[in-house]
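Two complexes, one shared chain (chain A), two partners (chain B, chain C).
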Partner chain A sequence: MAAATHEPPPHVTEHHTTTGIDNRKMMMWIFLASECLFFGALISTYLIFQGESLVGPLPHEILNIPVTSASTFVLLMSSLTMVLAVYGAQHGRLGMMKLMLLATILLGLVFLGFQAYEFTSFVHEGLGLTTNQFGSSFYVLTGFHGTHVAVGVLYLTSMLLASQRRTGLGADRALHIDLAGLYWHFVDIVWIVIFTIIYLIPH
Partner chain B sequence: MATALGAMTHTQEDTGLWSWLTTVDHKRIGAVYTVAGFLFFLLGGFEAVMVRTQLAVPNGTVLDADRYNQFFTMHALTMIFLGVMPMGAGFFNYFIPLHVGARDVAFPRLNALSLWIFLSGGILLNSSFFLGGAPNGGWFGYAPLSSIEYAKSSGMTFYVVGLLVLGLSSLMASLNFAVTIINMRAPGMSMMRLPVFIWMVLVVAFLLILSLPVLTVGLLQLYFDRVWGTSFFSPSTGGDPILWQHIFWIFGHPEVYVLILPSMGIVSEVLPVMSKKPLFGYSAIVFAGAAIGVLGFGVWAHHMFTTGLGPVPQVVFSASTMAIGVPTGIKIFNWLGTMYGGNIRFVTATYFSVGFIALFTIGGISGVMHASPPVDGHHQDSYFVVAHIHYVLFGGAIMGIFSGFYYWFPKMSGRLLDEALGKLNFWTMFVGMNLTFFPMHFLGLAGMPRRIYTYDAGMGWDTWNMVATIGSYILAIGVLVFVVNVIKTMRKEPDAGNDPWGGATLEWAIPSPPPAHNFDVVPEVRDRDPLWYNRDHGIAPTPVPEHNHIHMPPPSYFPLIVALGVLLIAVGALSTLAIVGLGAVVSVYGIWGWALEPTD
Partner chain C sequence: MTHMPQAESHGEHPPTTIREYVLIGIVLTVVTAVELWVSYSGMSFGLLVGVLMVLSAFKFAVVVAMFMHLRFENGLLWRLFSFGLILGTAIILALTALFWNDRTDIVGGVPANAAPGAAAPAKH
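Now for the complex of A and B:
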């Protein structure tokens, strides 16, 4: 990890761990395991309520697959820019890291914009939170995913702002971007599962 | 560095309020957890005594139906989330770093945050008594008893928000403990040399990490149902009340092991030391603990045999429930084998550990009885189940925690608890506990349902109810004897020395109470029982180098700010969204300050 760090600050070498993995990175991985169960429970709820709605609109009447495919593409591309931001951080290329962080933030915001548009148009077409079981489980599942994206945007924005104070990068700094990247990719992967289950698999 | 020196001189010697509010020392945090947990335990005990007083005679008039529902619900919530878990967390905090040979946990400030969020959640939950009524739908919150239609007071909303807050605290603490145990071990402390207590904590941490998010989802859905009018759990519009039961017990059953495994770990530390021989079958007890952790996720529907699951799920969950009795039984034999042929010292800690084995075995056996669906059909919602859970949770978890109190109190305070009062403490609790809960087996089989606030005379329940109530008073006196013992002990001069028991684990090599940095020199571990190995092989302690540069984390007030933000979010969720926004801003400010704060 972080091969191109020229002079690691002295405190970095003091962080000796039993496994050699940084404590923070290990915690992020275990936290993401917990998040899997969080989304697992939400997705299960959605699947259990499939076909249980007593009134419409039903999923096939309202879901707009082309629009959401576009927003999915945007989110997938944000994972690419995130990888490049981590690459920049780990190779001491501060400018690249900042640029790619900014790109990731913007793509995340575009995804959230798509979601806001989707929610608004669904409400106009008569699907509210309490209309039927599809509405409740759809809004709660995708809403909490959107919340995760929003937290991610806040997380990355904090990283970008904090990096304005820096003129260089060490291994320790790169780790912060790496951790944010793990979170961001996780939220992205969860969306692929949600998109497949809600939009792509016909029922 | 200046701040590091500051930390060393501050954390131990400073005793002002501010030093406690900003502490990141795992020992101080553990002490606050233990004391707070014990105070909540007394509160939960008071609620239990009120419940028993109401049920002492037929047609009791001490509590009305609504107040009774609040008391039995808050008794369970308090004991589980505010009593047993925090007292366990107190031991985890205090002894994980000492047992693995570390100077602190992996994330000291996160540890402080867990503590403050736990305290916020506990106070928030109990404030409901004064704000329109406490939760009254049982700790399991079954739909539709939790719905706005049938639970109109804000009690069940407090339940939702309170448990979300407490769950956040437990999740952060568990992440912290898991990383500490895996990643902060001293040289030579391989996984298979970890004390069994630490192994059990690791299993508990993963149980919580993987089960709490499921409860979180259920609680959020319940919040949506109650506040924003969705119907996840209300059948009139297509919702499913049984879904709540699945979600709750996927969390709830692992939670049972979260409560009992720490006590199993404590007993596994106490018995070898008091029997003066190594634990019998170390790897068997470790793998049995891990097996309980894994199987614990596959038994949840045994709480739901009477909901009409169908034959296949009933058979599967019946079999998995019986299977989980096997690793539990293995542990019983490990403890018996440890004592067998040992030179046993019958001090109070030993009494409580042996009491644990006896009472937990009774609770375990009645648990296996419920594993059979036809039998469970008769037991469901009867006092037989109340008897079972209290043999497991009081006879098991609480007896183990008291064993831990007597065993570790000298390390934490430098003083040995009084043995004569200790024996009195044990016997009053032991007799009171059996007198309270054993008759409930008879009541259950005689058909007395749980959660009823009164009953008519002539049902055949009068005698045993009176006996159970008398037992609960004796039990309460037993707990008060412990309080007297602690007060008396704290007024005497320290007399414990480093190692009053001839212990095997690392904490007994350092002073009591330990210095802020725990170990002058990070210990090197050569065996499962490191101190016994060093004693038997004549290995002297490593001399302390002349320039001993020890680097300790400085105190921080940011955990307090983040906890305040979380509390505001919770208060907002119970009142108005504007406060949620304010809480979010405070939290983000706190996290920013935290991230930018220099830690070295």
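Now for the complex of A and C:
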């Protein structure tokens, strides 16, 4: 019975792996690598179909680059606040972590607001999901990215709510925030590619 | 850049400071502004595409290396993510090359989806 008292409680048991990498972190990176294939397929579809439309509206008639540049800036800043939240978690600064998580969530919501505005204005200008090939591929690609942002906002909100009950941070909790950060930054780098391909390169 | 001592009980963490993170954020913002300027600059299409690709690849690499901390991670994770990234890029290149050079829908010199009476496309 005495030997059992030397075992650490289950919640602080370290995960020893043959690679030296925590399984949860490994799983997140494998997931992100698979997401590269997912978005690769969607970007390919857009590149193939965006110039094949027989009826308008066409990309150069409808895309609003200044508005999308503003939303791109918002998403970039959310990456900065996210990395600062991870920094706070890794250095035991709970208040900083909570504040930066909240800022990231709000910036994510602003980005989604920009996307909702863009989609709504496009529909009013006559570009629906089935109007032409550009519309179909555009909505599918940016819609899936927006869905990823929305999932990220929910993910971060759950992290923030879970941290409200805490008075301190351990290594395990810091890893959870780190994993959420990896997902959020991935959403940002996908947008870096989408912004260049859809909006900046003229059609 | 020197490695900071590990925090008491918060596990390993990268040596980047808050100041460096903010500087990286500013650099990313400036590069985005340059991208925007380039897209309106009126340079030739080929050059414009090349410059934009280099700039966005730079932003991509900075976020992955510094914000996602891949620079400080185990090399296995770097190889894992690179594998997915290379496959994803290969999908884009292969499919676009395949469909941009596709002539299988041209019947009798006229695209199958062309309006009646449309002229045959010029040969490349």
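General remarks:
As a working rule, the second predicted complex is superposed on the first by the 189 of 203 C-alpha atoms of A that agree within 3 Å, B and C clash if a C-alpha of one lies under 4 Å from a C-alpha of the other, contacts with A are read in each partner's own complex, and residues count from 1 in each chain.
Rule of thumb we're sticking to: a residue touches a chain if its C-beta (ideal position, glycine included) is under 8 Å from a C-beta of that chain, and two chains touch if they have at least 3 such contacts.
All of these numbers come straight from a predicted model, not from anything done at the bench.
Look at A:41: by the touch rule set out above, it reaches both chain B and chain C. In the superposition on chain A, contact of A:26 is made with both chain B and chain C. After overlaying the two complexes on the shared chain, residue contacts for A:79 are found with chain C alone; chain B is out of touch. Of the two partner chains placed by superposition, only chain B is touched by A:18; chain C is not.
Of the two partner chains placed around the shared chain by superposition, neither chain B nor chain C is touched by A:118. Looking at the shared chain after the overlay, A:136 reaches chain B, while chain C stays out of its contact range. Which of chain B and chain C touches more residues of chain A: that partner is C.
Look at A:87: by the touch rule set out above, it reaches chain C but stays clear of chain B. Once the two complexes are overlaid on chain A, the chain A residues touched by chain B in the first and by chain C in the second are 19, 21, 26, 30, 33-35, 37, 40-41, 45, 48, 54. Here chain A touches chain B in the complex through residues 11, 14, 17-19, 21, 23, 26-27, 30-31, 33-35, 37-38, 40-42, 45, 48-49, 52-54, 129-130, 132-133, 136-137, 140, 144, 154, 158, 162, going by the rule given at the top. Listed in rising order, the residues of chain A touching chain C in the complex are 19-21, 25-26, 29-30, 32-37, 39-41, 43-45, 47-48, 54, 65, 69, 72-73, 76-77, 79-80, 82-84, 87, 89-92, 169-171, 174-175, 178, 181-182, 185-186, 188-189, 192-193, 195-196, 199-202.
Interface of chain C with chain A (complex): residues 7-11, 13, 16, 18, 21-22, 24-25, 28-29, 32, 35-36, 38-39, 45, 48-49, 52-53, 55-56, 59-60, 63-64, 66-69, 73-74, 76-77, 80-81, 83-85, 87-92, 95-96, 99-100, 113. On the chain B side of its complex with chain A, the touching residues are 106-107, 171, 175-176, 178-179, 182-185, 189, 209-214, 216-218, 220-221, 224, 228-232, 237-240, 243, 247, 250, 551, 588, 592, 595-596, 600.
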